[in-house]
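Listed next: structures, encoded as C-alpha cells.
Look at the two complexes coming up: chain A is in both, with chain B in one and chain C in the other.
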Partner chain A sequence: MSINNQADQSRRKFLGNSAAVVAGVTIAPGILLHTPAQARSLDQAASSKQRWGILIDTNQCDSGCDKCVTACQTENGWGKNETKSNSEQQAQWIRKVELKDPNTGHQQSLPVMCQHCENPPCVDVCPTGASMKRDDGIVLVDKHICIGCRYCMMACPYKARSFIHEELKGQATVAPRGKGTVESCTMCVQRVDAGGSPACVEACPGKNGKAMVFGDLNDANSEIAKRLKQYGGKQIRADLGLNPSVRYQGI
Partner chain B sequence: MKKPILREVNESMGFYALLGVFGALILVALGAVYFMEHNGHHVTGMNNQIVWGMPHVFALFLIVAASGALNVASIASVFGRYQYKPLAPLSTVLAAALLLGGLMVLVLDLGRPDRLIVAMTYYNFKSIFAWNIILYNGFLAILVVYLWTQLDPTMVKYGKIAGFAAFIWRLVLTTGTGSIFGFLVARQGYDAAIMAPMFIIMSFAFGLAVFMLVMFAAYKWTNRPLGDGIVRRLKNLLGVFVGAVLYFSLVFHLTNLYATEHHGVEAFILRDGGIFTNLYWWGHFVIGGLLPLFLLYCRKTRDSRTLIGLASLLIILGGIAQLYVIIVGGQAYPLDMFPGMEVSSSFADGVVNNYSPSLAETLLGLGGFAVAMLLVTVVARALRMLPESLADDVVDPHHSKADA
Partner chain C sequence: MSIRRVVAGLPLIMAGLLALPLSTHAGDAPQVAKGKGDACVEPTDVIRKNHMDLLKHQRDDTLRRGIRTKKHSLNECLECHVQPDESGKVARIDSPKHFCSTCHTYAAVKLDCFECHSDLPKSMNKSAYKHKLTPDNKHHASMQSAPVSRQMLDAIANGEAK
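What follows is the complex of A and B.
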C-alpha cells in the first residue's frame, strides 16, 4: 500500500513539474517572437458603384519595354530593398511575360500583375480575412492580420503574389511592406483614391499609343468600357470563372 | 480472461534518456525557428514559386498520421472489437500528440508566428484553413474527452459516443486536410476531389505505421509482454491500408492521364520530374508501398517483429516521399496561364521551379516528430494508459481458436 502511495506521489510530482514546463513552452514563443505591428489603417472609403479595371492591348506592348514595371517599383518601393533574398525570393508586383505560339512562331509581350478578380481565390482561402476585396473591386492584403501562411499564393492562378523573405528598409510611405507577410499589386490604390490612375498605366508609352488603359468598368462612358464594348477583351484563365478586372486584347 | 491492467511507465534511465533525446531535438528545432524567423524566410529554400516546403511536408504528415493513429481506438469503440480496447488510450494519446507536433511545425513556419492570436480571433469562414483551425482544435477537445472515458471507470458509459464522435470528426478533419489541395483550382497538380478520400486512406496507413512502431518500442523498452495475436491482426490491417493508398494514388494519376490537358503535369511527376519522379516511384511506390506489402505478407518475413517494424518505418518514409511529391512537386510544375503557348518572364513563368530544402526547415520538421514522441513519453509516465500485458491470453481468451 505504502509503496503504491509513494509511486502515486512521485507520479503527481512529475505531473506538477510537467505542467510548469508546458506553461513555459506555451508562453515563451509569444514573448520572444513578438514584434509590434506597424500602425496603419487602409482607407476603406470605396464604393461598389465603381469597378476599377485595366485594359492591356498586347499589340501595343513592346517586348523590350518594361516602363510599367519600373514605374510600379518607383511608386510602391519594391525591387531594390530586398538585398538578402535570391532572385526567386524577391517580390515582383508586376512582370513582363513573353509568349510564343510554338505552332506559328507568333510572339507577344504583356505585363501580368494581380488581376483583381471579382471572385478572388486568394480571398476565399485566406484564413484570417487579410486577403480582401474592396467594394470597388481592388484586391488588397491587410498587413495587420496577414499571418504569412502563403495559402493565397498557392491559390492564385496568376502567381501575382509575393512573400517578403527578409527585413525591409527604405519602404515607400504609400505602400507599407513587412517581413513575413504577403503582398501584391494594389492597383496603386493610393493614386486611385486620390482620383489618379495606377503608375504602370501612366508610365506606359506603347508603340503607337498607350498599351494600358485604366478606368471604371461599371461606367459605360469610360474609355475602358467603350473600348471593351467595341473591340472586346480577354481574361487570362477565363475558364476559372474568376472574372478579373484586368483584361487583355490581342491574346 | 484476465482483465487488462493499465499502468504508467516507471522513471527509469531509459525514460529520462527518451526525454533527453526528444527534448534535445525540440531545442534544435526551436533554434532553427529562431534562425528562420529572425532572418526571414530568405534563409530557407522556399521562395515565391515554392511557397510551401519541407515544414509543410512534415506538418501534413504528422497531421494526417494523427488522424490515422486513432484507428485502434476507433476499431474498439466504434466497431466493437474488444481485443483492441486496452490499446485505445495509447492510440488516443498518440493521435493528440502527432496533431500537436504537426500544428507546431505549421505555426512556427508562418511568416508571422507571433500573430497566432490573429489566426484564432479572425475567421474567414470560406477558407478551408479556417475550417481546419476549428477542426484541429475540436479534435483535440474530443480526444481529451475520449481519453477520459477510457481511463475513468465512471465515464466508461460515454465511451461509445465519444469514440463515435472522434471517428466522424477525424474523417471530416482529414477531408479538410486533403481539401487544402483538392480545392486549389489554380494548379495543375491539385484540383481533384479524390484528394480528400486519398488523404483519409493515407492517414489510416501512416497513422497505423506510427502506432505500430510506438507500440513495439513501448512494450520492448518497458519489458511488458506483447502477444503475437494483436501484432498479427494490426499488421494485416496495415497491409490493407498500404494497398489502398497505392490504389488511390494510381487512380488519381490514371484519371489525369486520360485528359490531354493533364498530360504535361503527369509526364512531369511520373516520367520527367527528376527528384519528384524518383520520389514517386522509388519513395512512395516501392519503398513505401510494394516493399512493406512484401514484408507484411510474405510467409518468410510476416512473423518477424523486426521486419514488421521495418515495414512500418518504410511506410512512414514512403508517406513523407508521397507528400513531398504532392506538396512540392505540385508547385514545381509551372502554372498553366497561357495554354498552348511557350512562356517566359523574370518571375519563373513557364519553367520548372527550383527548391532545395535548407537544414533549418528539415530540423523544424523533425522537431514536430520529437514533440509528438515527447508528449507520448510524458503522458505514458503521467497517466495509467499502457496495458501491463498484451499477451495473447490477456487480449483474447479465444486466441488459439481464432487464429487456428
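What follows is the complex of A and C.
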C-alpha cells in the first residue's frame, strides 16, 4: 500500500503494478505522468533522481517568528525532555539567526538547520559510517551505529548538529532519539518518504507569503527549482564547496 | 566484612547459583500475550526465532535507504502487540508485561532499542505528532506544490519586499 493521492492511484490502475515506474522511465523528462512530488511506494528506496532542498526567502522571514522551530520540536520531539542538559548541550535541530549589517543597520532573520550538503564534511569524518547521505541528498545520522564521538559536530561549519547528553523519555514515534548519539535536522524524512514536506516548511507563515519552499532541486518543474532559476539563491559559505541543498534568498 | 563471614556465606551463594538453572527449568515459560489480529507477520516459529534479524535488516533498509514497508517495521510490531490489559493499563518496556520484555526478562536479553524508540504504538504515544497522515488527508502532500503568491514573487523581483 502506498500513501498517495487516491485519485491518481485509481487512474493508474489500468497500467498494472509496475507500469507507473516504466512510464516514468520511458516518457521523456518534462512530460512525466506524475511529478516526483508524489510519494514513492513504501518498498521503493530513496533515489538519486531526486535531490530534496529547501529555499528560504529571508525577506519573508519575520524576526519575531519561530514557528519553524516549534513545528520541528513538535514533530520530532526535541527541546522539551532534556531537563538536565544546559543550553549549550540541548538539542537544536533548527535555530533562528538574526543578522545585522553594522554599516547600514539592516537586520535580517533566518532559520539555520542542517544544510544537507552534497559533499558533507560530517560524512567524511565519521569513523563508523553512521553519518551518511541518502541517495536523495538527505544527510542523516544512522543512530544505530553512531558511537557518539562527535567528530561530525566539529566538522560541520553550520553548527547544525547536537549530541544527546542524558537519558530521554517520551520520544516521538517518528523520531527515535537517545543518549550518546548525535542528531540533526532530518528534513523530516518520515514526511518526505510519505510524499509530504518538512514540518518547518509547512508551519512557516512568512510575512506576506511563505518564507520556506521545499521541493526537488533536480526537477526543473518544481516550485523550488523554478524560483531558484528565476530569482537565484545563495548558499551559506559557498566558498567551502559543500553545495548545500538549503538555499537562501535575500542574504 | 571479615573473611570468615564471606567464607561462611559461600555455601549459600553456591546453593543459589545451582538453584538458578534448576528453577528456570522448573518454572513455566513466560506467558506471552497474543497479538492483535489472527496471525503475526511471519509464521509463529519463524518470528519467535528470527525477529531480531528481521528487525535489524528493516532498520537499515528504512534508515539508510528510505524503504518503509510495514511488514517488519518495529512500530508495526508495537501496534499489534502493545495493548491495554483488562484494567485498561498499558505495560511499559521496564515491566516484564510489555510484549517485548516478556521473553527478554526471562532469557536475560537486554535491548537498547527503547532508549530511543517509543515503547508505545504511535496510536497511543501522546508525545507523537497527532496529525494523521492518511490517503484522505492530502494536507501534507499538497503543501509541497502550494502555489506561491505571484504578488509576493513580483515584490521580491522589484525589490519592494521588506
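The working rule: the second predicted complex is superposed on the first by the 207 of 251 C-alpha atoms of A that agree within 3 Å, B and C clash if a C-alpha of one lies under 4 Å from a C-alpha of the other, contacts with A are read in each partner's own complex, and residues count from 1 in each chain.
Quick note on the criterion: a contact is a pair of C-beta atoms (placed from the backbone, for glycine too) under 8 Å apart; a residue touches a chain by one contact, two chains touch by 3 or more.
As the structure is a prediction and not an experimental result, all values here were calculated from the model.
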> Is A:Ile251 contacted by the first partner chain B, the second partner chain C, both or neither?
Replying inline: first
>> With both complexes superposed on chain A, which partner does A:Glu167 reach: first (chain B), second (chain C), both or neither?
In response: both
>> With both complexes superposed on chain A, which partner does A:Asn59 reach: first (chain B), second (chain C), both or neither?
In response: second
> After superposition on the shared chain, which partner residues are touched by A:Glu98: those of chain B (first), chain C (second), both, or neither?
Replying inline: first
>> Is A:Arg177 touching anything from chain B or chain C once the two structures are fitted on A? First, second, both or neither.
In response: second
> Of the partners chain B and chain C, which touch A:Glu202 in the superposed model: first, second, both, neither?
Replying inline: second
> Which partner does A:Phe214 contact after superposing on A: first (chain B), second (chain C), both, neither?
Replying inline: second
>> If I apply the document's touch criterion, which positions on chain A are contacted by chain B in one structure and by chain C in the other?
In response: 35, 37, 167, 179, 181
> Residues of chain B touching chain A in their complex?
Replying inline: 8, 11, 34, 37, 39-42, 44, 46-49, 51-52, 108, 110-116, 118-119, 122-124, 126-130, 133, 180, 183-187, 331, 335, 337-338, 340-349, 353-354, 378, 381-382
>> Under the definition above, what is the set of chain A residues touching chain B in their complex?
In response: 10-11, 14-15, 18, 29-30, 32-35, 37, 82, 84-92, 95-103, 112, 121, 123-130, 145-151, 153-159, 161-167, 179-182, 236-237, 240, 251
> In their shared complex, at which residues does chain C touch chain A?
Replying inline: 59-61, 63-70, 75, 112, 115-118, 120-122, 125-129, 133-136, 138, 140-141, 143-146, 148-149, 151-153, 155-157, 161-162
> Which residues of chain A touch chain C in the complex?
Replying inline: 1, 3-6, 9, 35, 37-40, 42-46, 57, 59-60, 74-75, 77, 132, 134-136, 140, 142-144, 167-168, 170-174, 176-179, 181, 189, 191, 193-197, 199, 201-202, 206-210, 213-215, 223, 227, 230-231, 249-250
